[in-house]
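Below is one structure, written out as structure tokens; the observations come after it.
Labels A, B and C are assigned to the chains in the order they are written; within every chain, residues are numbered from 1.
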């Protein structure tokens, strides 16, 4: 037995605990409700899920797969977060709240990624190969968003709450809607950007502008304006209910 | 020790149990599957979460914050519902099913509000001040909807299932879509309105009408109709699959 | 006591275990991450929920309703899946992942249906009669989708992730969006079709085409093209951020 074989397990354990330190720091940086390191370690289910995942992933890589999956299910029952032992996760990963998160076997997650509760990194192909997404560094994925298939979300992108993403998007994208419309940001953000509420209303804004353009075209072509027959663009951000019979 | 100091704890406890009575009545009024008071008290996770929240909120206000958060996490594990101890909740609050609900620290909820499972009242600012929504009286928020930021949902509004709301809406609004389109109701409803399935299809209906208007404009301007080249408004509520390659 | 009365319970139990066999086969056919029958039986929460539902449904039909609901709540706590004991479920039913699934009292589910996590088959009417959906054979419902009301989803249909369906759709439909837009498939699929990521972007594609048509109409009517003032259809699948102020 070489000294290396002897020392290796201790190194692994030391490494495991050093990453726990980074995890806790990640939470404190990204959640204004976090109050102290001890509290964070005890009450953040997202951390518990990641810590258990590091163990199940270690088992999975050593082909102790049944036990790995069983632990991963135990973690789901404890935390509401289901991470397949095969998933590859980078440093500084933060899952906030976390209930209902599902991360598939061939998902790959870069550094400093943030997921909120209800996020799925899923796959649907019956092929056993790569079938889950690859998430770039510093990506933030809003609550309830579903990212599906062997696609790539470019670094520094932001996925809005409840968006459904089924196509790859480049770096610095903002994806909104069901299915997701992709907007390239006018200027990249320097730091981690948790502002996933600043959602561009792509279809709504475009449709309102089109309504005005068609109104104008009609008045030109027909020589008069037609005020009452059509749905018109909302004046004060509210559409008029009578048009939609509610 | 004055008589008041002596009596106060008993008053608080009596008050606690009187509110439990109102909670149970709220469930029976709003869920047709509810069968008896005893059953409701034993099987409704939403009630258990609210009862534990009343305790954690009491602790939070008295600065026993670590214990408050720890109890709140225990409630999440028991019920699937995560209510921050700091959240302010009015009387007659009803959470149906509840799995995946997240209510943030500075959320404020009025009287007789109904939430379904998967609803988030969340915040994303890194600012520690008010960063979660204020929900007006009698608002109903459908399953999976995300209400994000320090915004206000006016009284008697209805938020559709899976909607994402990031802007304040006035009273009597109906919000639908991702991100949410807001419709002002033509007529307010007198009682609590659980009919969150009656969702106006704002963008779909508007787009169908626009397609017809542009068809007509083109036939006027170009002197002929063009039947085959464009996507046309659906005749029988179904869009034609060939246009979208499925 | 006739022989029949004596034999019946054994038949029921034998039948119960024979259906468990079919359940396990359903999982192996539809989840590429499934590795062995034993593993599937131990780690698939969806199976545990269905097995408990068969028992609670048996109790419910025999009017042992309090116990039925209590067991169903216990199953929710164990699995994150809430199936009302009254719901009627066909053979070959598969719930993948399952956290947050809610199936209502009067829901009816055909043969070989697949649900992902976060799916709701819900009702909102205060009427105690039929108020939840009827799901046809071989339907696949994507993660987070909400199907609401006493509507019918035709056989072989596919509901996209996070879609909200509040109207009946015919056989072979594909439903996408919030609220759901319905597309009739150009050609039915022969086998079970789990490809719920292939989502047609109905409103986005239609809107992009309309933008081009209105651009062209304007240049005809006004005699010149107007390059800078309007939102234009995206060239490379990304909308331009400046138009939406992000």
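Here, contacts are C-beta pairs under 8 Å (C-beta built on N, C-alpha and C of every residue); 3 or more make two chains touch, one makes a residue touch a chain.
Note that the structure is a prediction, hence the values are computed from the model and not measured.
In terms of inter-chain touching, the protein chains here all touch one another pairwise.
Summary of the copy comparison: rotating chain B onto chain C for the best CA superposition needs 120 degrees, to the nearest 5.
Inter-chain spacing, taken between the CA centroids of chain A and chain B, is 21 Å. With touch defined as above, residues shared between interfaces to two or more other chains in chain B number as follows: 80, 99-100, 118, 144, 162-163, 177-178, 198, 201, 203, 207, 210, 214, 217, 221. Listing the residues of chain A that touch chain B in their complex gives 30, 32-33, 35, 39, 42-43, 45, 78, 80, 97, 99-100, 116-118, 142-144, 160-163, 176-178, 194-199, 201, 203-204, 207, 210-211, 214, 217-218, 221-222, 230-231, 237-246.
For chain B in complex with chain A, the residues that touch the partner chain are 65-66, 69-70, 72-73, 76-77, 80, 82, 84, 86, 99-100, 102, 104-105, 118, 120, 122-128, 131, 144, 146, 148-149, 162-164, 166-167, 169-170, 173-174, 177-179, 181-186, 198, 200-203, 205-207, 209-210, 213-214, 217, 220-221.
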